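Two complexes are shown next, each including chain A; its partner changes from chain B in the first to chain C in the second.
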Partner chain A sequence: MSALLHIAKKEIRIAFRERLIVFLGIIIMVLLGISLFAGFVSYEQQKEIITKTENDKRQEWLNQGDKHPHIAAHYGTFAFKPKTVLSLFDFGLDAYTGTSVYLEAHNQHEFMFRPAQDHSSMIRFGELSSSLVLQVLLPLLIIFLSFSSYTKEKESGTLKLLMSQGVSANAITWGKILAYCIILLIMLMPFFVGLILIANATANNDSLPDVASRTALLITIYAIYLFLVITIAVWISMKSLTGRNALLTLLTFWTFFVILMPKTVANLSESFYPLPSMREFKAGIEESKLNGLDGQTPRSVRMAELETEYLEKYKVDSLSQLPFNFEGVSMQAGEDYGNMVYDHHYEGIRAIFSKQNRLGSIASIFNPFIATQHLSMSLSGTDLHTFNHFENEVEEYRRMLVRRMNNDMAENSKYGEFYEYAAGEELWEEIDGFYYTAPTFFFALRPYYLELLSLLAWVVFTIFLLKRSNKKLKPIHG
Partner chain B sequence: MDNRVKTLIRYEWKSFIRNKFQLLLLCITFGFGIYGIYYGNAEIEAQRETIRIVTALEESEFAQYRASFDNTNSSPDLEQIHDIAAQPSFAWFRHGYHAIIHPHDYASLAIGQRDLFRYYYRLTGMSLHYQLFENELANPVNLMAGNFDLSFVIIYLFPLIIIAFCYGLFSSEKENGTLPLLQIQTMSIQKITLIRLGFYFVIITGLALLISFLGLLYSGNVLAQGNLLAALVWLLAVLVYCSFWFGLLFLIIGLRKNSAFNAISAAGCWIFLLIIIPSVLNVLVTVKYPLNSSTLAGLTRRTGLENENDQEESREVIREFLAYRPDLEGTDSLIQNNLMPKAYAAYTTLKGMESQKVVDDYNEQVERRSKWTSKFHWLSPSVSLQEVFSQTTETDLATLVRFQNALSDFHGEITDFYFTRLFWDKPILEKDYDNLPQFSMPQTADKWRPILTSLAGVSLYTICLFSVGLIQMRRRIEGVK
Partner chain C sequence: MLKSVNLTKKYGNFTALNELNLSVKEGDIFCLLGANGAGKSTTINLFLNFISPSAGSATINGLDVSKHDKETKQLLSYIPENLMLYPNLTGMENLDFFCGLGNKNYSKQELENLLLQSGLQADFMNRRVSSYSKGMRQKVGIALARAREAKVLLLDEPTSGLDPKASNEFSELLLEMKGNGVATLMATHDLFRAKETGTHIGIMKQGVLIEHFESDEVSFQDLEKMYLKHMHN
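So, the complex of A and B:
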């Protein structure tokens, strides 16, 4: 045990002697600081903008004046995607998902304005976030730090000396790993403390629940990820004959796992499961609304059926004899049918998305970087599942609003009249404002079981690898 | 050529073809390049297909209108179509025209921002801003991952190949103990290193040019108008970019440190130029110029006249509109006949004018952002090159914004076409269908100047790197002596 600690101590001392490494370490710490600061500022800015706009739109809704409920349903309102507090850590998809949507009767609108559209093509290089530093840059520092951990001992012959003194390969390996873990811990401690403080201090009034447990798991995930990088780097150093080879191998791995594979998987998924264009998607919805989902029950037939149903149910001869305004009922029936049609078509799109993203999840089994990226976005509430959840809640709200308007019309206006009836602020107030709460911790993680499994499997796998190689280690210089 | 140089190159070639790992690396890069070309073409072909579909839809829509004129045997359905075809009060908000930005033949080599923006719009005479902000369907996960096109291969992968081939050119001789053998040659070690670097320059840059050339051949006719210059600029850009990285490597090698140092510094530079600089700039610009797109969202709200039945209100709106468009003013019948459609047309136009201010204001902010960032592109030649590639293939932000701005002119043409007939109470005639509004994408005054400026900048970098490298190497060698 003491040998292990001695080795760790020696490794740390050597690392701090390498000026290039210390320099890179400082750069990474500075970048972490900048990213946390910029993430925080951007979060606060967007939060302020969204809160203000939401209030404005709420006032517009309440003060729209007296009008017919159906006109109010068309006047509609807007929903804005709130930034989650942990987006200051991981921007995730925030630049690529739409940010606002118009809610009105009859039509589902898509989310507008992807923030990346307001950038030049440079945005495709990525935005600096803490997660980018931890996922992409820190592994490189680890590589630079540890590629020569074994090769140096081999090249200078010290490995022979160590082993001849009875130090086990196990102690050497784990001593080195421990040393790198301690170095990273020293580097990252201030950052994580800062993250915990900022996240929990600003978590009030945020759309993200369970911020504390999310942060705790985030830190755990990154600890596992970085531990994996360290063990793999040490293992490759152990297996390489020269430092040059170890470095080259590690850099090749890094390029493949971090740069090439994620992009290739995403692009392949696009080729395997192509999306229709917006025009086709909308045309499909229009067609189904016009001629029915089965293509054989046009709107006129559906309306006639509804009329007969109501006439028979209330045993009256004409629609004007009904105890409520049938137009409100037929309007809502049209709305319900439209919703069904939309759900049908939109589910098709969602299914394509989920097939595409499924490939990414499967790829994460082979690539801990992808696994970490997905888990990090999910915990930060900036992944696609959270966005879909938000979309669903918004659509739910829209339907509630329109239904309430149609019911009011059915209850309070007369058949055949339109402009004669106007509702007022009382009705508008019955509709609560839209406030979003993201899914809970467990719900957020559920779609990512493959990613979680992947990380655990990688840990077991690398420990096994090290164990086996430790046994075989011979102190010879190739 | 000097015999010694020939010998040197011959031996370099021998050791090059013996190194299976290096050959494999080149093959893999070639494979990625081909995949990039294929992927980019598939993406852009999908866009072309969509364009074909929407164009066909538009053609059949208008063919239907046209046909309705010579129909003698009428049915209620046909009459309805004829009404839409001939009466401006229906036609102005029903007739849809597509504004399309066709992909440049080489857009497939550098997709740029083209996957993020709409490349076609269907516009009617209705308020422009109802029709402007809808996005194309896209999986955000894949948008974030970006495109594996040829520009990606050249900008990201080729520097890595250059690093892998060259970082040990000098240091490995030292480490293998062959350096003293080289030093006793009549040729200076500096010259030997340069020649060997030149050898790899020819091979790697040659590969980059070869892949590019294949991409250019595959993606369009190189000799076609608008293509030839683009193709030449593309090849020039590849040449300049590879030279830059060789210059950088030369400088690093010239420091005469060990292989590990060289590899770490070169990889560090790569990270710095390709990840750190652009990502820091991106986050800074987001924070420095926060944008509030929710102001635009408000414009999409569908509003109308307060009370459609109130004729006086309708006339009021029409008069307000005519104050801006005195050319449409006609006889008194203007505000007597067909009041409702006119009032709506007037209302949406007035609203559109209001909205345009908000949009202009927003676009100005985007412009400010993009100006600010372009001031810093020079910090990273990789960022400059990405911009050069997307400018050359017309997939950059400026082109796409130009397209969006052109929409409002086109929309003006559409409304003019219908409103002159609507407000003068004239029907649309069959012969009017020969002169329908047509969208044309405005060309930029000077496409090539910013591109050449950027390339000149990167070339300047390269020259500096080589000069400093040379001076440094000389100094170090003298130090050894």
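So, the complex of A and C:
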């Protein structure tokens, strides 16, 4: 057995004899177990509720009876954001983005039922999720496990004895790192096995198309993150003169990287790129609908131009002479213009979100915690980009539904006979229910290339740092 | 076995060791005497390659320690003034661990024998080192030196703070190892122990080896006088 493995074995043996470490380890394992169980229960409950409500709403749509298609377009339906199985691991933005939306003609409604609305302000500190335990609490355990990895050896003199045996600093450092990695592996194994089993059991029935790949990537990302925490902790211990100094430095680093910096970046991004208030946003949309995007083309002018265009095109004197119901055409034209207005205003909002996220991504270069947080949400399907993808799919569905209603009205009813024409179940059945499938992990990770690069760069950087410090390591100064 | 040629260590303007020339052959026990700061520990640390020389060289078995760190360390065993082992491991586990580092793998029985031969009571072998006295820890150090089959022993005031019985036992173990051809360089304040166990004695002052003789050449009284004379001048 090499010296490195001997050192790893010794470190593991000593760690398991430290009561505080064993106690903290058990607490972390219990928290992970609880978060996994609670997450699974919540996932199952929400899935059941969403499936039932989706079926109810579908039946309501199909059994709404005979009515005018435009009234049906206003009767509308609902779309529900399915809970992804990996959201039980990382809740991400689920509490803030809303779970369902009402779909009807003319209006792109905002999402309803944001769980955060029903919670106290304490939710801002984070719900107990597995990702929270792994991202925030586990680094604390690593700090307590490894802050004295070198300082204890230096303070007690065992480092002199170790190095007098001809053991290289490289073997000592990597032996310690290997030991802490194995300890974490032992501690996290039951949790990850549980997660894999749950993910596997629900994979065929989930909105994520590639649960297995995403789970594997999640585990890889967390392995890299925890490896970084371990290497940085060992490095700081190596560079510190006393255990107290090492612990204080590490706790300062933890507070800065895990608490202060992410909050500061979030606040700065809001200050640099402020979002308009909901009132301003809605007023802007109404104004554009009323007076046009240029502010000079009201609806009446747009409709008059459309009428003239159709009369000239079909060479007829009145709208009733057209071979279709012009009301259906004008409804759809109004819908198309409304869509353009929504796209314009939502693009503005998304551009601001994108700038805010960009700042977060840039910050992740300097902070592997932020990088891990972003990648974890993305792979769990609970980030903003996945939500935007869902929002786009829903909006596309709404537009398809309304277009189909307007086309039916144009094709099958007569001009001026609004209340006389009624469509029935045959038309309602033409509209499939809305069932969402999230994008593949490759698509989901695309906006996070900086975060991926950040983690890789940190790994290279810490290895370089350790290599450099190992060369200089002597048990005494001089 | 051990040799230094013009070995010098400077810290800025301060010379901790000045052109030390000494040689320790197989079966020799070379005792370095001197007050605190005389350069004894600096010499040991230079042979251990824990610090780099400002000039000159330290060699073990003909190999420069600063150029052949791994090879030379495989030949030596080091026992500091206060041998610290891992307190959460037992004496056996500590010995097993340090033997393993040098690719020396022993059975449980062999490890027990090594500890017994080094004077550690059987009752204590499987107790955590945190309950050991200093003398017991030094015995584990001797057991380690035996286990590693060290050709060179570097001792930095190993009997300091030991009670007379433990100190005497330690000397007996050194003499036993001497009989096996081990070359020992020992820094010590203990004149009596140096005269009793040493084959050669050197007196150091302010980084310089000012006296160097075979221990048989002087009586204990003469050694004491010589030492005190140098310390007071």
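By our rule, the second predicted complex is superposed on the first by the 475 of 478 C-alpha atoms of A that agree within 3 Å, B and C clash if a C-alpha of one lies under 4 Å from a C-alpha of the other, contacts with A are read in each partner's own complex, and residues count from 1 in each chain.
To be clear about the criterion, a residue touches a chain if its C-beta (ideal position, glycine included) is under 8 Å from a C-beta of that chain, and two chains touch if they have at least 3 such contacts.
This is a predicted model, so every value here is computed, not measured.
Novice: State whether A:393 touches chain B only (first), chain C only (second), both chains, or neither.
Specialist: neither
Novice: Contacts for A:50 in the overlay, against chain B (first) and chain C (second): which applies, first, second, both or neither?
Specialist: In the superposed model, A:50 contacts chain B only, not chain C.
Novice: Looking at A:165 after the superposition, I want to know if it touches chain B, chain C, both of them or none. Which is it: first, second, both, neither?
Specialist: In the superposed model, A:165 contacts chain C only, not chain B.
Novice: Looking at the overlay, what does A:307 touch: chain B (first), chain C (second), both, or neither?
Specialist: Neither partner.
Novice: State whether A:13 touches chain B only (first), chain C only (second), both chains, or neither.
Specialist: second
Novice: Which partner chains sit in contact with A:474 here, chain B, chain C, both or neither? Use first/second/both/neither.
Specialist: second
Novice: As a test of reading the superposition: which chain, chain B or chain C, is in touch with more residues of chain A?
Specialist: So, of the two partners, B touches more residues of chain A.
Novice: Between chain B (first) and chain C (second), which does A:287 come into contact with in this model arrangement: first, second, both, or neither?
Specialist: neither
Novice: Is A:267 contacted by the first partner chain B, the second partner chain C, both or neither?
Specialist: The answer is first: A:267 touches chain B but not chain C.
Novice: According to the stated criteria, A:156 is in contact with first (chain B), second (chain C), both, or neither; which is it?
Specialist: A:156 sits against chain C, while chain B stays out of touch.
Novice: For chain A, which residues lie in the overlap of the chain B contacts and the chain C contacts?
Specialist: Dual-contact residues (chain A): none.
Novice: Quick one: which bits of chain A touch chain B in the complex? Just the residue numbers, please.
Specialist: So the residues of chain A touching chain B come out as 20, 24, 27, 31, 34-35, 38-39, 41-42, 45-46, 49-50, 53, 57, 71, 74-76, 78, 80, 92-93, 95-102, 104, 109-129, 132, 136-137, 140, 144, 147-148, 243-244, 247-248, 251, 255, 259-260, 262-267, 269-271, 274-281, 283, 349, 352-353, 356-357, 360, 384, 387, 419.
Novice: Given the complex with chain A, which residues does chain B contribute to the contact?
Specialist: 32, 39, 42-43, 46, 50, 53-54, 57, 112-113, 116-117, 120, 122, 133-148, 152, 156, 160, 164, 168, 172, 175, 259-261, 263-265, 267-268, 271, 274-276, 278-287, 290-298, 300-304, 307-309, 365-366, 369-370, 373-374, 377, 383, 386-387, 390, 395-397
Novice: Once bound in the complex, which stretches of chain C touch chain A?
Specialist: Those in contact with chain A are residues 9, 11, 45, 48, 50-52, 69-70, 72-74, 76-78, 80, 82-89, 93, 97-98, 100-102, 148, 154.
Novice: State the interface residues of chain A toward chain C in the complex, per the touch definition above.
Specialist: 1, 3, 6-7, 9-10, 13-14, 17-18, 156-158, 160-168, 474-476, 478
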